[in-house]
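Here come two complexes built around chain A, the first alongside chain B, the second alongside chain C.
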Partner chain A sequence: MSFLTTSHLSRYFDLSEPWLVRKIKGQPKKLLKAVDEVNIGVERGQTYALVGESGSGKSTIAMMVAGLLKPSSGTVLFNGDNFFNPSLGKIKRMSMRKSVQMIFQSPYASLNPRWKVGDILKEPIKAFSLIEDETNQINRVCELLEQVGLSPRDMLKYPHEFSGGQRQRICIARALASKPEIIICDEPTSALDVSVQAQVLNLLKDLQQAFSLTYLFISHDLAVVSTMANKIGVLKQGILVEEATPSKLFLRPEHDYTKMLLSAAPDISNASRI
Partner chain B sequence: MTSKPVKPLLEIQNLDVTLKNRDSYFKALDDLSFNVLPGEILGLVGESGAGKSMTGSAILGLIEPPLFISKGKIIFKGKRIEENAISVRGSMISMIFQDPLVSLNPLRKIGDQLVETIRTHINIDKAEAITYAKNLLEEVGIDRERFNAYPHTFSGGMRQRVVIALALAPNPSLIIADEPTSALDVSVQALILALLKRLCKERGTSIILITHDMGVIAETTDRVAVLYSGRLSEIGKTSEVLNSPKHPYTQGLIAATPRIDADSLKTKLYQIPGTMPDLSEIPDGCPFHQRCSKSIPKCSENNPPLLYDRASCWLLEKESV
Partner chain C sequence: MIRTFLESDLYHNFKHTPVAVISLGIFLLIALMAIFANIIAPHTPFEPSTLNLMNGFTPPMHPNDFTGDVFLMGTDNQGRDLFSTILYGSRISLFVGIMAVLLSMTLGVTLGLIAGFVGGWIDTLIMRFADIQITFPSILIAMLIYGVAKGLLPPDMRYEMSITVLIISIGLSEWVPFARTVRGSTLIEREKEYVISAKMLGLTPLQIMRRHILPNILSPVLVIATITFALAIITEATLSFLGVGVPTTKPSLGTLIRIGQDFLFSGEWWILLFPAVTLLMLALSINLFGDWLRDMLNPKLK
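Moving on to the complex of A and B:
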């Protein structure tokens, strides 16, 4: 079995009118199927990418995989464990949380502006009681900063003193702090410039090798996905329409929606088209 | 055919925009010169802070203190406009912004907003303006019946269509499109860019397309200007610049752009070391030399001018000798 498996994963949102209005107008319940019966399997140490347009359910899947949102039906299994299994003990759940971390799209919104970088990075270490001793905590923070290409001195600065790319590095360091096995990257470079995006993507690749991390990579940008993913799942309105390796998906796409996405994506190699 | 060169629609000559902070002055745009020809789509590309939007604002006279135009000329149809851009703003040069939700008034019907724009710039009565507005809506692919709808009832792509209709309403000769599709999905982006391109080719309207996306540049523009730290680093035909870039920054930018390619997983992206310097920290000489892998001693001493009307790089000078 794969390291991370979702089976028949679904999430519905209830958009119906209030009960009385429904009765008077004789309307049925209205459900939005944000994610509908999605089955994916992610192998350890590999990158699985989910692509699709806004509203296709990419981030909803990420939330469910991270255990932040309860699935309407279906399960997410990590090494055979389910976050939402009621009989899962507190300690076990804690260790699962520790092994799943997230990197968000906007490095501007995901760092507390009033906390120093050192405190931001210490937070997961303290929350999971990984290191009790203060000096060792600081040593760990220095180590993390160096791993993502920042200087240990940056620990005393506030997030606003950094550029977008550097902030995303801080977010990555924070995700690494609890020594996770899988990191969910939700559009990690959409807010960044091209040259900075290249730096962050390369950093993510290096870290994957160094710590044998598994990534669930979410993006709308097929070009970015092609540089990162071992396997790609294409989502359309909550349904997984195609799943393939990059070489197959880009050379011989099967589903019409994948073909449409590929032809619509602006690609720098197309300069000769004019 | 005539050998006479086409007279440019817009000429920017040696434009400097300066930021005054207490007693220090920083150049946000430094000696920028380029032309826009009638009917062409010129792309302005660069990273955040390179001065792309600043150039757009300068053309429209939207530069406000603490920024000011300290040098240079902006000539539109033979007239200097850097002092009184209001005479052309809206009527002859219009603008499309990134976020279509912010550029439409949420409290007014789109029809009213169109009619208002039309009647501000064209002298026609209300009934004519309404017909004109409805025709415009149809042209950008929106049902005439939606004339009385409010902006929130439209999706992002539809709103951007309305914004394009608004920009086209006064029949401008130049549209400055500032990241018009960055907030949209790829499939919608392709439609909007195709629409913008088609309408402007039909009317002979020029476009300055400001974007950070090299893919959009490749597929949409005729010529492209690459900006770095408020300076023009390279300009030329899009296919030439993208296929054989002369400036090391352009080369790096293109190499760093991920491509849709089945094999790219195995290789790493090229990465330009460092980041673009802050306005207050732009080095002497070429602003890129500290990050440049090919820099020569001259690069840190003198700022290269635009050589061969193509790139601002001392290496080009060597190449010809």
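Moving on to the complex of A and C:
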């Protein structure tokens, strides 16, 4: 069994009008199937990429995998553990939280503007009681900053003193702070410009090797995905339409929607050669 | 800390806005004189043994016909020096204002945070209650709470508790603007990714609200607090003017104005004028300072 498995994962959003209005107008309930019966499996140490246009349910899957959104039906399992298992104890839940972390799209909104970088990075260490001693906490923060290519001196600065790429590095450092097993990357490079994108992607790859991390990588950019993923899942309106390795997907796409996505990406002929 | 403040945009703009400097100056002048009233005031107006009824109705800067004493702002009907009474009166007005703002701020910020962050029926309950409360004039709410509280208290405690009751009734009548603003800001902040990442750390909603959201929504709260502060002082004066506020033996500015208006048409204008001007200056300076603060902290106007 894979490290991360989702089985029949679905999420519906209720878009119907308030109960009384519905009764007066005689309308039925309106449900949006954001994610519909998605089954994926991610092996340990590998990168699974979910692609699809906006509104295809990529981020909804990310939130459910992160345990922040309850699935309408189906399950997400990490090594057989489920966030929404009511019999899961508090200690077990915290240790799951620790091993599943997330990197977000906007490097501007994902850091608390009132906190210094050192405090941002210390927060996970304190929240999971990883290191109790104050000096060792600071040493750990220095180590994290160096791992993502920043200077330990940066811990005294505020987020607004950094560029977008540097902020994304801080976010990566925060995700690494709890020594997770899997990191969910929700469009981590789409808010960055191209030269910085490559740096951040390389950093993610290096860290994956160093800490044998598993990535669930969410993106709409096929060029980015092709450099990162071991396996790609294509989502269309909440349904997983195709799943393949990058080389197969780019050379012999099967589903019409995948073909359309590939033809819409301008530099895909270059990307397939990497 | 002080250095970063002196180098900040806020301080720079403050230095170059005469209205802000003057209004803060006037406010601080009144506040300091009120705080050090027992040193500055030439008389102790609440010590009956120091009063001389013969000094009653002495006009300002005019020797009294019987005793020859001179008073800066004249005296009232009981021979109390008006200047001293105003100093002690502003002290009560400021104290009631500050405490009432702190109460309504705590209440409003807490309820607004909960409503915005938790959402659902709790949000509906709190905000609909706020909607209902705001349809009544706040002075009416304050009088209602004041009346009920007075009725509930045993008669021998009514006198000493009157200032506490006043603070509670003004505080409970002004929380809605805080709650509404805080709820709105919380709705924006809670969707931001730093809050989601705090959730990923398994923090409780209380920790997220206190440590992450609260520090990021405080600047509008600061602005509302200054404006509500002026409003609370005026509400207190109105209540005291109507005779439901502080007792006459511990007069606030509103009580002094009420006493003064009894004598307005008999020629003793100073008893009304000086407390009224003090109240005007106090409320106006706080309001103008609040306006400047609002303009400064509003990113859309920058």
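Everything that follows uses one rule, which is that the second predicted complex is superposed on the first by the 267 of 274 C-alpha atoms of A that agree within 3 Å, B and C clash if a C-alpha of one lies under 4 Å from a C-alpha of the other, contacts with A are read in each partner's own complex, and residues count from 1 in each chain.
Methods note: contacts are C-beta pairs under 8 Å (C-beta built on N, C-alpha and C of every residue); 3 or more make two chains touch, one makes a residue touch a chain.
Since this is a predicted model, take the numbers as computed values, not measurements.
Chemist: Which term applies to chain B and chain C once both are placed on chain A by superposition, clash or fit?
Modeler: fit
Chemist: So in the superposed three-chain picture, is A:L201 touching just chain B, just chain C, both, or none of them (first/second/both/neither)?
Modeler: In the superposition, A:L201 contacts chain B only.
Chemist: Using the touch criterion from the header, give the chain among chain B and chain C with more contacted residues in chain A.
Modeler: The larger set of chain A residues in touch belongs to B.
Chemist: Using the superposition on chain A described above, determine whether A:N112 touches chain B (first), chain C (second), both, or neither.
Modeler: After superposing on A, A:N112 lies in contact with chain C but is clear of chain B.
Chemist: In the superposed arrangement, which partner chain does A:N139 touch: chain B (first), chain C (second), both, or neither?
Modeler: Once the two structures are laid over each other on A, A:N139 reaches no partner at all.
Chemist: With the two complexes superposed on chain A, say which partner A:Q27 touches: chain B (first), chain C (second), both, or neither.
Modeler: neither
Chemist: With the C-alpha centre of chain A at the apex, what angle separates the C-alpha centres of chain B and chain C, reported to the nearest 10°?
Modeler: The three centres form an angle at chain A of 80 degrees.
Chemist: Should A:N39 be classified as contacting the first partner (chain B), the second (chain C), both, or neither?
Modeler: After superposition on chain A, A:N39 lies in contact with neither partner.
Chemist: After superposing the two complexes on chain A, what is the shortest C-alpha distance between chain B and chain C, in Å?
Modeler: Superposed model gives a least chain B-chain C C-alpha distance of 14 Å.
Chemist: Please output the residues of chain C touching chain A within their complex, sorted ascending.
Modeler: Chain C residues touching chain A: 192-194, 196-203, 212, 215-216.
Chemist: Residues of chain A touching chain C in their complex?
Modeler: Residues 66, 68, 93-94, 97, 100-102, 104-106, 109-114, 123-124, 127-128, 171, 174, 178 of chain A touch chain C in their complex.
Chemist: Mind pulling up the chain B residues that touch chain A in the complex?
Modeler: 47-48, 185-187, 189-190, 193, 212-220, 222, 238-239, 242-243, 252-254, 256-265, 268-272, 275
Chemist: For chain A, which residues count as touching chain B in their complex?
Modeler: Counting only chain A, the residues touching chain B are 53-54, 163-166, 193-199, 201-202, 205, 220-224, 226-230, 246-251, 260-274.
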